[in-house]
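A, B, C, D, E and F are the chain letters, set down in written order, and residue numbers restart from 1 in every chain.
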């Protein structure tokens, strides 16, 4: 019954990609730890680039520099 | 001074229902653990059904199957 | 299929109290929002008083002042 | 490589203020704990006032009372 | 630069299994979403069975019933 | 009434350092966003190096390589 929370920047992940991610993480927990998929919850949160910081600056600022 | 985070799928919870949930959880923490309501924080997060997975598939996919 | 995370200071909540809290929060989500209890997950995290701050000071410091 | 999650009510924080917050928290972790800024992640989440409760009521209700 | 938080019950996951999980989740984010592994953070939290509830009861209670 | 969660690896942060961090983050939220310190909550979580991954490997493995 694991709970997985994935935070990514909101930069266009499609519903198909998100479904693939959910399936992949669930399979991994079944394979590596023997968890029950029926009660494995995966929640994806997409965060605006203005609200995500790394290295002390926002991803918005980094994207402008081509990072 | 507890902190409670409630994640639910975004499927139409009204402001009244959310206020009722906040009141109920706060009362519960006061009654069961003797916590101070004045510093009890409850944050509700509503997550798109595309971004919530259980049993390895998205809630969007499950809703289409009538689950 | 809600997910609830409750953070409290580690100050002696018994297993019975924690079980009561889990039952109470689950019932509340069923009653207020019509959620399915079978897939409702509640995780309680107990945090050392040195690691919890409110009003800019640790709970350890507050407890010493009788707060 | 710390990870910091800041939740605030959605009440008009500008991109500039959020960038300042990200810079400030990162600097603090470098100064106080000697952490590496390059792998320090700060995520800000802005929550609707209907979804944030304190003292058993929503911030929306509190704002109406002038609190 | 995703951030992934995995919560599981504390029931004996070995360091090797946890390392495998970290590697697997990171690879998945690279493969599915094209994320940079160097800034992908995965944090595993192991929660006592007394503190994890599903279906309104603790995992401790469920384990006693053979669930 | 912000809520801040800081996750760091468990590598010897003293109570004094943690108190300094709590004070610093609270001051920052007051100064930058005009938040009320009395209801600002800061929770620090210290995570075992076996349970923290970056770049696809655990911090335990990285420390052995002198990273």
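In this section, contacts are C-beta pairs under 8 Å (C-beta built on N, C-alpha and C of every residue); 3 or more make two chains touch, one makes a residue touch a chain.
Treat the numbers as computed from the prediction; the structure is a model and nothing was measured.
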Sorted by label, the chains bordering both chain D and chain F are B, E
Via touching chains, chain A connects to chain E in a minimum step count of 1
Taking shared numbers over all numbers used, above half giving same and below half different, the chain A and chain B interface sides are different
When contact pairs are matched by residue number, over half of those of D-F recur among A-E, A-D or C-E in A-E
Whole-Å distance, C-alpha centre of chain E to that of chain F, is 20
Cα centroid separation, chain B vs chain C, in Å, comes to 14
Chain centres from averaged Cα atoms put chain D and chain E apart, in whole Å, by 25
Chain A residues touching 2+ other chains are 1, 3, 7, 25, 39, 41, 43, 45, 52, 54
Among line, ring, star, complete and other, the chain touch graph is other
Listed by label, touching pairs are A-B, A-C, A-D, A-E, B-C, B-D, B-F, C-E, C-F, D-E, D-F, E-F
Within the complex, chain E is touched by chain F residues 7, 45, 47, 50-58, 60-61
Listed in rising order, chain A residues that touch chain B in their complex are 15, 18-19, 22-23, 25-27, 37-46
Seen from chain B, its contact residues with chain F in the complex are 1, 3, 39, 41, 43
In their shared complex, chain C is touched by residues of chain B numbered 1-9, 13, 17, 20-21, 24-25, 28-29, 32-33, 35, 39, 52, 54, 59
